[in-house]
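In order of appearance the chains are A, B, C and D, and numbering begins at 1 in each one.
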Amino acid sequence: MWSNSIGKAFVVSCFGESHGPVVGVTVDGCPAGLPLKVDDIQRALDLRIPQEKEVVSARREPDVVELLSGVFQDYTTGAPVTLHIRNKDVKSSDYESLKDLVRPGHADYPAKVKYGGFSDYRGGGRLSGRMTAAFVAAGAIAQKLLSTFGVEVLAYTFAIDGAQLENPPSVEAVKKITYENSMRCPDPATAEKMRQLVFSAKADGDSVGGVVECTALNLPVGVGEPLFDAIDSELAKILFGIPAVKGVEFGAGFQATRLKGSENNDQYVIKEGKVVTLTNNSGGVLGGMSTGMPLLLRVAFKPPSSIAKEQNTVNMSQMEEAKLGVKGRHDPCVVPKAVSVVQGMVAIGLVDLMTRGGMIPRVLKS
Amino acid sequence: MWSNSIGKAFVVSCFGESHGPVVGVTVDGCPAGLPLKVDDIQRALDLRIPQEKEVVSARREPDVVELLSGVFQDYTTGAPVTLHIRNKDVKSSDYESLKDLVRPGHADYPAKVKYGGFSDYRGGGRLSGRMTAAFVAAGAIAQKLLSTFGVEVLAYTFAIDGAQLENPPSVEAVKKITYENSMRCPDPATAEKMRQLVFSAKADGDSVGGVVECTALNLPVGVGEPLFDAIDSELAKILFGIPAVKGVEFGAGFQATRLKGSENNDQYVIKEGKVVTLTNNSGGVLGGMSTGMPLLLRVAFKPPSSIAKEQNTVNMSQMEEAKLGVKGRHDPCVVPKAVSVVQGMVAIGLVDLMTRGGMIPRVLKS
Amino acid sequence: MWSNSIGKAFVVSCFGESHGPVVGVTVDGCPAGLPLKVDDIQRALDLRIPQEKEVVSARREPDVVELLSGVFQDYTTGAPVTLHIRNKDVKSSDYESLKDLVRPGHADYPAKVKYGGFSDYRGGGRLSGRMTAAFVAAGAIAQKLLSTFGVEVLAYTFAIDGAQLENPPSVEAVKKITYENSMRCPDPATAEKMRQLVFSAKADGDSVGGVVECTALNLPVGVGEPLFDAIDSELAKILFGIPAVKGVEFGAGFQATRLKGSENNDQYVIKEGKVVTLTNNSGGVLGGMSTGMPLLLRVAFKPPSSIAKEQNTVNMSQMEEAKLGVKGRHDPCVVPKAVSVVQGMVAIGLVDLMTRGGMIPRVLKS
Amino acid sequence: MWSNSIGKAFVVSCFGESHGPVVGVTVDGCPAGLPLKVDDIQRALDLRIPQEKEVVSARREPDVVELLSGVFQDYTTGAPVTLHIRNKDVKSSDYESLKDLVRPGHADYPAKVKYGGFSDYRGGGRLSGRMTAAFVAAGAIAQKLLSTFGVEVLAYTFAIDGAQLENPPSVEAVKKITYENSMRCPDPATAEKMRQLVFSAKADGDSVGGVVECTALNLPVGVGEPLFDAIDSELAKILFGIPAVKGVEFGAGFQATRLKGSENNDQYVIKEGKVVTLTNNSGGVLGGMSTGMPLLLRVAFKPPSSIAKEQNTVNMSQMEEAKLGVKGRHDPCVVPKAVSVVQGMVAIGLVDLMTRGGMIPRVLKS
């Protein structure tokens, strides 16, 4: 009783392995009538991985999308949209030595115990960051759909190691600058500091973590359901599904625990005939529902577990202690790649909740 | 397309309103053969609310559980277990003035927009903290079930406002001290500091937030599924369903973003024939699966939104700005009450995942 | 991994046992703004059981509904609607002798094996026809909701044993006559034949089965989804959930297997500007979707398994063969009671599918 | 809020269109450790379509399976198994004339209304019988899994038009003879009668229907859940998902409505130390649970809707009446093809229920 799907109404199911024939995804619940071409998805995938080769793994996948179903004459039909990406640049031999050694920080150990030796260990198998290519592809469909309702989702790097944005970035900066640098940070100066920290970690055979911030603009009021299908509940669930995530917070988040109620409450006023709040400590969420203010959330990514530095581990087949320096091609920091993943996943979650809430019809007007 | 349930295999569905006849819950998916008496549940409810009346709302509910189904001759039958608690100490008149004014920080505004005026606004209606009595009742069943597998879930107050635990508390202290003070904090000195901060906020007509920490001991390896039905995903979803939660993190959490990979990775050694890690920065979770080390998570609670201090708001029926000081009987801090709620909810989530993973059979041996 | 719920968007979950404190039901997914009073539900329950005492079990429950949640000022709020009915006329002693003997035709044997002796065997426990009171109560809410969209669901007895309707009854006859006789048959002469067959079976210590037919009028085109969430799939699933059902067919059903394509196809014409079919062999279902023609289905009920006549059985605790004549208060035919159950269940299924298909909004206009 | 999946624990989701690039399926919930090669699936597909070209459509697909994920070193890993079949022999031009004309008996009319013109009408698109290739492929995996538990599912043609099996076929005959003739009937003489009826219908430009019977042997007692997740409920839901199905019955089915309770009840005796019944009118199902006796069900298939004979229809774009003789390559009878589809679908449903019931572990012993 387990599943590889997210969502209830807009259901995204992924399949494939890092070193198998494909990484793929099925989107079930997309309304009929959405204009969709393979290029819409290809473009999102092309942005996923920064071009600066020093800051990412040396594995180079062309990531060419093939659209298999659910689209007819460039419009969705309401049937499941399935697409996949063939894996090309696979070096499974790098992983043979890992058959028995469990890498610290990776899922190797619980996977080996849970699956009794049947799991595909090559490149992390099913548990590889490579799966996020599928999330980004599905996220591109979700974002295209949201845009027809005027909703925009924007993610960017908030912090890497000790370097972090000092001030909330403007929407304009986020849109213009984020993808201009390999750190995916809307402030060029901060981006440069981050870059140096990544370089430095890499030089040490080490890795660094960071925080992705994400906002959604123009959400209608009332997205998300009271209690359990809350907008924060559903997004948190999805976001913890991204490899390396260790924390999720909304609005003031953990900082809210140090504020007084009178400081933290977002007071209401009327502005241009609309009810708005003076502050946005809630991150646009009250009682599990969107308030109409910008949705704001942050996601904590741990430093990548694959590092060249030698670590203690255990050889599981001989049950004896061992040493390990992880070979293979790895990222010194996943945060830049994670930006488009967070953006796509939040979009998926929002479409799901808006569909459940009756805000997205079965058939879009042509 | 929305639901008032958590879980897929151990499904907890709540019903009722703060000022309606009852608050209730159905647990569907409990195996047959669990010894269960109404007292097992009553005891958990009795612990939910600290007895020190200065630190909690003046509303006093006896919270008497009635068990309606699913138990025969003091054992569960495998059928749904439904129970409810009658509401007694209801003062709906306190809320008449709130029919049109939306309280800052509460769900009033999105609820009013979403439900077009049909929602029950008395005492927060469906969105009241009162619903958590149902979660605690269901949590008591989950904990009873977990205990038959040797799994123990323990929550306690980690921080209130500026006062926080300096060192990780021992399991013994957690078990012995937590419920001895009204702050539910396993360190008496810290508890006293917290208490003063709560008193002080209350005296100011204000409120304070805090952090609840929760651990689960003796979990088998492999609880939770890779990717989307991950243990962290599912628990985060459930925890954000508790009113006032703004953040959830596992292990080193947001702090992990400041660590190097070589610092954050938990290295493996063999101890007494078992694979263990030297540190537990992962909080017992890797790749969405339990590692066998203690599960460790923290939940951020914002300061309660109902405060006596005057705030700006809007009268929704006249669409004009207004002032509001919230009357009624409210908590200056929800954290102490939240401890048993977090504990219950984590237990519910773990039972659900263990059932899905085939670790809990349909019928317990008698 | 099992559930006591039907539906995905309009979710009906029942709880309780035949000889426990209550039989109850939670309806989760009812939109806000439906006018609903306890009397709306009570009326449906009062019609469930024919008043003629010769044709039904001697157990006499007043079946008084208590509404526990989800309704405020006589309108639904969008929160779960829970209601229950207290069990009063319970004679559990009748069942003590059945603790070890498995009654032929009942679920006793698989229940005993499956639940290892923990199931509540009194009066069938969870598996009693008594549970259908909960279905009828939920069905009353579904029918009230459907009526706001002009959809009407009508069920009636089509056949009992050898007596069956010769001609399709008119809608007027169904509405006027069905509940005038204890057989729930829209043709008085056929009803009288059915009644004699029931009397005769009862006199012999035996029982008879029959067929309930059900139609739904004014359904919009396109209710139900292609392939797996088809209208016929979902209704069949729900209908097989009613105790004693052994077959379900739509339109010409099993008879269609003897027709040629040219006879069975419903040809299209235009009538008053609308596309209609000349015949309705499809029963209003094509490709899993409603066609706009009347939905038409039939449900086969076996003769009740509890009969006074002596039968062979097995004593499970001693594993030896035994004889059994079932005591207790039983129905010689369940078909008359089943009419309102089928009607309620079909209504529940249709509301669920219409909600999933975006045809029922979250909030009804006031 | 709709889905293209069946099952809760063993989830089968299909994608693709009759004239799109592929027909495919994802199986999520298969335990790790099942030996699985692409040939296991290819073999089942090769049997789906009778080789006698007179009795089936002239469309000839090689139906070559490509396995995309979830299998490593010839064993399942516990990850989703996705496979697809490329469509080759596509003549979409046959369908251009059908863009506006709705074919009687097909889903064209409700699909056009529901999807506002966006659905893929070529060859029935998503609603084509071609999709059943995906069901058969998934069914082959399910049957392979069931066989490791000793459970066997066997389907065969019970009736075509007026020709039907006189006596219940022996298991040996079913296994040996069914696939020896193009009718998939375990009795050669009856098969020949059926064949003549199919030939005769084809010669008339017409079509015939029939009944598929299916049995499952060696099922454990207690598969299926009381009430709503009943074995008959779940299988009926799945079976109505097969195109052209109009009725489903278990055991004596509709015939049971003509039996007395004393005739229909299956009485218990002890045979070789096991509890068995003297008859099997229940079809191996009581209270929604398997009894340990053979599961027995029948599925009614209507005659195919595509016939050469001229019929009345409507041109939807001009909203005027029209005449139509369906061109393209069609089956005069779908029953022979349906045999392996029913067999596969029943196997899928049984695996799902056994998994939910805790009867299939997460990892099979190697």
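Operating definition for what follows: a contact is a pair of C-beta atoms (placed from the backbone, for glycine too) under 8 Å apart; a residue touches a chain by one contact, two chains touch by 3 or more.
In this text, all values refer to a predicted model and were calculated from it rather than measured experimentally.
Minimum number of contact steps separating subunit B from subunit D: 1.
Between the interfaces C-D and A-C, more contacting C-beta pairs are found at C-D. If you average the Cα atoms of subunit C and of subunit D, the two centres end up 27 Å apart. Subunit B and subunit C have Cα centroids lying 39 Å from one another. Distance from the subunit A centre to the subunit C centre is 46 Å, each centre being the mean of its Cα atoms. Residue positions of subunit B with contacts to 2 or more other chains are 1-5, 8-9, 14, 79, 114, 126, 226, 355-358, 362. If you check the complex, the residues on subunit C that touch subunit D are 1-6, 8-9, 14, 102, 104-107, 109-111, 113-114, 126-127, 131, 159, 161-162, 201, 204, 206-211, 221-222, 225-230, 232-234, 236-241, 243, 245-254, 256-262, 264-270, 273, 275, 277-278, 281-283, 286-292, 300-307, 309, 311-314, 316, 319-321, 355-358. Within the complex, the subunit A residues that touch subunit D are 1-5, 8-9, 11, 13-17, 20-22, 24, 26, 28-29, 32-33, 66-70, 72, 75-82, 84, 114-120, 125-126, 355-356, 362-363, 366. Here subunit C touches subunit A in the complex through residues 1, 8, 79, 226, 357-358, 361-362, going by the rule given at the top.
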